[in-house]
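Structure below; questions to follow.
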Amino acid sequence: MLRDLAELKGILPPIPTPFNERDEFARDRLRDNLRAWNRCALTGYVVLGSNGEGVLLSPRERLDVLRAAREDIPADRWMIAGTGCPSTRETIELTRDAVKIGADVALVLPPSYYRGRMTREALVRHYASVADTAGIPILIYNMPACTGMDLDAETIVALAVHPSVIGIKDSGGDVAKLGAVRAALGPGFRVFAGSAGFLLPALAVGAVGGILALANIAPAECLAIHEAFVSSRVDAAWEIQLRMIPINAAVTSRWGVAGLKAAMDLLGRYGGPVRGPLVALTQREIEELKAMLVRAGLPQEDERGARS
Amino acid sequence: MLRDLAELKGILPPIPTPFNERDEFARDRLRDNLRAWNRCALTGYVVLGSNGEGVLLSPRERLDVLRAAREDIPADRWMIAGTGCPSTRETIELTRDAVKIGADVALVLPPSYYRGRMTREALVRHYASVADTAGIPILIYNMPACTGMDLDAETIVALAVHPSVIGIKDSGGDVAKLGAVRAALGPGFRVFAGSAGFLLPALAVGAVGGILALANIAPAECLAIHEAFVSSRVDAAWEIQLRMIPINAAVTSRWGVAGLKAAMDLLGRYGGPVRGPLVALTQREIEELKAMLVRAGLPQEDERGARS
Amino acid sequence: MLRDLAELKGILPPIPTPFNERDEFARDRLRDNLRAWNRCALTGYVVLGSNGEGVLLSPRERLDVLRAAREDIPADRWMIAGTGCPSTRETIELTRDAVKIGADVALVLPPSYYRGRMTREALVRHYASVADTAGIPILIYNMPACTGMDLDAETIVALAVHPSVIGIKDSGGDVAKLGAVRAALGPGFRVFAGSAGFLLPALAVGAVGGILALANIAPAECLAIHEAFVSSRVDAAWEIQLRMIPINAAVTSRWGVAGLKAAMDLLGRYGGPVRGPLVALTQREIEELKAMLVRAGLPQEDERGARS
Amino acid sequence: MLRDLAELKGILPPIPTPFNERDEFARDRLRDNLRAWNRCALTGYVVLGSNGEGVLLSPRERLDVLRAAREDIPADRWMIAGTGCPSTRETIELTRDAVKIGADVALVLPPSYYRGRMTREALVRHYASVADTAGIPILIYNMPACTGMDLDAETIVALAVHPSVIGIKDSGGDVAKLGAVRAALGPGFRVFAGSAGFLLPALAVGAVGGILALANIAPAECLAIHEAFVSSRVDAAWEIQLRMIPINAAVTSRWGVAGLKAAMDLLGRYGGPVRGPLVALTQREIEELKAMLVRAGLPQEDERGARS
């Protein structure tokens, strides 16, 4: 059953995939993490995004993670599955599997290996092939830091011609472009900020929410920025946004997934090891991160109480 | 006499330098344009910025334009002079000349020809040398589309250590970075959006205004966005911002100075020819621009009345 | 049994993976193609490289293609298997499988999805993990057009510290860098030009051969360039190189794998369809390609005889 | 009187502009340097190139340097003047002045400030305007590290339609592109390698020589590479090329003009200070440079003898 897309807004964390010390998917750890997150007013979760190390999982692991997540994501919360693969056919297949497992939306990264040949036409064809067979809405995933391709406004508008392509998660941060996309496509096209670093400015140009690594470790703060904005308290939103900037950079551009997992460990969630070729933080970097968490008002002790 | 920097906010157009058909500075046309702009509540003007074709002028022409502008910019409006040159010594010299002529602030582009050697240290040294001798406040000018160098947050913070470096005009549009800069330097550091495409989002992360090509042809709309934002009417601001997006792109990223001058001609101001290597719009592009002006609610006829 | 690395030189085509009209691996077509290529003095073949659409194949298909190729590659020719995957563990696994199947060398693309975190240390660790368990020599695969990461000379030198990392296929074309690498690592480090566009200049700075898309359709010409160079007839080499430049661009930077497959079809080999998201050439592009083949002295008719 | 362009080949250093300690052009030092260089079989000199800090000089200084150079460059050696300025009109003017002073060829950098608008058409128009009025041959100067614009093969071919545009100095190092340009334009179009790092490979694809920073400090070695190549001793050429790679990197990509001037000082020539925003080498960097000179076989003592 398709959900009402007007409800697709607010804050969703792109959750990390927990591994145990043998580098296997740690199913119980995911449950623990989701139980803690479920206590917050998060709209839902992105599973197998960049923070989920989706590209580092085997095809079977991907299905295991999606199934486990769906079990522990309440029915009234959105589950968005990252299903973009290098080939069109593998993307179609994984999207179909995700639908069977119960994903509400598919988040589809543009295929980027042959980027020199990824003309607008090739991308339109790829997204249309996936959308035609998906049976659930498709969210474009613009992630230039990982794909080396920054979808321009015209391309996004061209992809959105397909009725199932209903929005975008943009991690590029060019909010002027997001504004142009929103201007061209109207409020029905759901724009999500892909990083807390530009959540407030993106909301100011018509974004409906954020899919934010930071929401894994500071869900209350991310929700508060969004709530303050929608209730026209921009100053209050800005104050929290300002406080989150350094810690957000630490778990995104600076240290990425390894930073995010280390922060989760420090805050009493389960982060655990990253999978190679990613490299864990050094002890010194962990100390620096710890100090940043404190400065951001995200102390380990407070969270520990909420853990059990 | 130094002005109160707390007043440096709001909207300032970076004005084009008018040339006559013999490719000479058209002094009278500048007067006409300034008289029309002076009827609006613009904070002041940037002279010899990128839109002023400053880099295409001879040293003598630069002084001519600055002098002419100062004569026609009322004493209570800010005159910001673009004084960045390839060498430190030429930048110092032009800045001093601008001070003598009556500039209130110098807008200093980072020298970019030897960009491979423009380390943070080299840039700090350059800006400090200029700021030490300027006698007026310095605004950093981050303009990656022209310099091929995008100043990062750390560099901006390092440049701002000098007490005379009081703010930045950023045309790069990475508002997450602007937020980080504002977070690091506090409200005393004046951040200006460098393009109307991200004026509203920049205001949302603490910018105090915009230095906007669009303000040359749509000053009322730019002022209205700013006013709506500061009076907490974000929706009203967004509505105007949304309407301005296509025409702003036309006079910035798409057609640049040639587009801006053509738009001014269409709106009853004096745009006139661009100087080579810039190329004028084709007749077909002018027709397209005309239609965009109408769609943006900037019709030629209305403005014509305000011209004489 | 390990081969004598001193013999790893000369020309090797990175062969395309043939698909039938149902988008399945066309095993017989690969046999036909290899039989034709085996008549030339090619040193060996790269299987599952970028031209092999390796990233678009499922894990099982990759093994099928490697097995089929090994059956039809004579024992005295090198089989180099592309085994680079996004994760270290998958790369290790595929490399081991390739060894079992009989690959002589593994060509390992650097993992690029999390490129912001792919520090020199992370890459050294990744390559060392793969090389430690491979049991066959490793060739680095620098392919900035596909990975968005251009390995610099220092990184290449750092990777080569591992005794099993014995060379590089470079498709970036910065021959000054290749010279620097060769200068630092000596003649034991095997440098291969990754495109015929710079085969001759790469040989001039110490490369031992080329792994060239062009060698799929013009093996005789590629071999002739190499032979002329090693026998000090640079002018003769340059004359052929010059004639190959346009057609080489057509099957690499301009049209990529789709261009290569179309050229094979035109020349009486089996190219067949590309897999999505790649897009086939239009009829008009095919006509243009046909004319380029003729101009390059690679006419369809001559080749047809050699086909059966 | 126009020289025979067939003679425009071989090695030319782009000479640095010497400044005294008061940051003024040190006319006598230039004479000393030229006298030393004139003892070598250099084809001529580039004055006011990137290594000449041309963009950091005032209009008057540029003429002073050109005049001084012409006095001390023997009539039988080529003087190539760097005359590219941001505006077409200033470029025309400086080119004319250079002609009057006796320049044989003008080296024209593409104007890059408004690079977003520097379409092929705009560049063709710019170069044609300059070439139409120059009266001397024009050499295109492709210098992506400084302009942020890398002229592609099609653009170079389009510029070469003008009969006065007779060649290119390419500092980008994409020798596949140089080969393509040479293939399209024939041997009449003079291609010069813009850095010693790819001199030999460029010669292998049809370049006629090099305009090389390294030729300021190692003219004999640069000449020897060229001579070995033209007499078909590629191995001998490669041996010298190999030895020059680290020191060439030091005076180009790594430390630029400051490195070059420091090396000249160490070798008994006059380097002297760089002009801001360029920054001199630290003492530690000078020590490192010294060691590199020795390793390259360019010891200070030997040269000192040749100085007086």
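In this document, chain identifiers A, B, C and D correspond to the written order of the chains, with residue numbering beginning at 1 in each.
Note that a contact is a pair of C-beta atoms (placed from the backbone, for glycine too) under 8 Å apart; a residue touches a chain by one contact, two chains touch by 3 or more.
It should be emphasised that the depicted structure is a prediction, and the values quoted were computed from it without experimental measurement.
K.L.:
Taking each chain's centre as the mean of its C-alpha atoms, which one ends up farthest from the centre of subunit D?
P.N.:
Centre of mass proxy via C-alpha means gives A as farthest from subunit D.
K.L.:
How would the subunit A/subunit C interface be labelled, same or different, where same requires over half of its residue numbers to be shared?
P.N.:
Same residues, largely: of all residue numbers at this interface, over half are found in both copies.
K.L.:
Quick check: how many Å separate the C-alpha centres of subunit C and subunit D?
P.N.:
Computed value for the inter-centroid distance: 36 Å.
K.L.:
Residues of subunit C that contact two or more other chains, please.
P.N.:
none
K.L.:
In graph terms, nodes being chains and edges touches, is this line, ring, star, complete or other?
P.N.:
ring
K.L.:
Of all possible chain pairs, which ones touch?
P.N.:
Touching chain pairs, listed by label, are A-B, A-C, B-D, C-D.
K.L.:
For a test of understanding, state which residues of subunit B touch subunit D in their complex under the given definition.
P.N.:
That would be residues 23, 50, 55-59, 86-90, 111-119, 121-123, 125-126, 129, 145-148, 253, 255-258, 275-279 of subunit B.
K.L.:
Using the touch definition from the top, list the residues of subunit B that touch subunit A in their complex.
P.N.:
173-176, 179-180, 182-183, 195, 197-198, 200-206, 229, 232, 234, 237-238, 241-243, 245-246, 249
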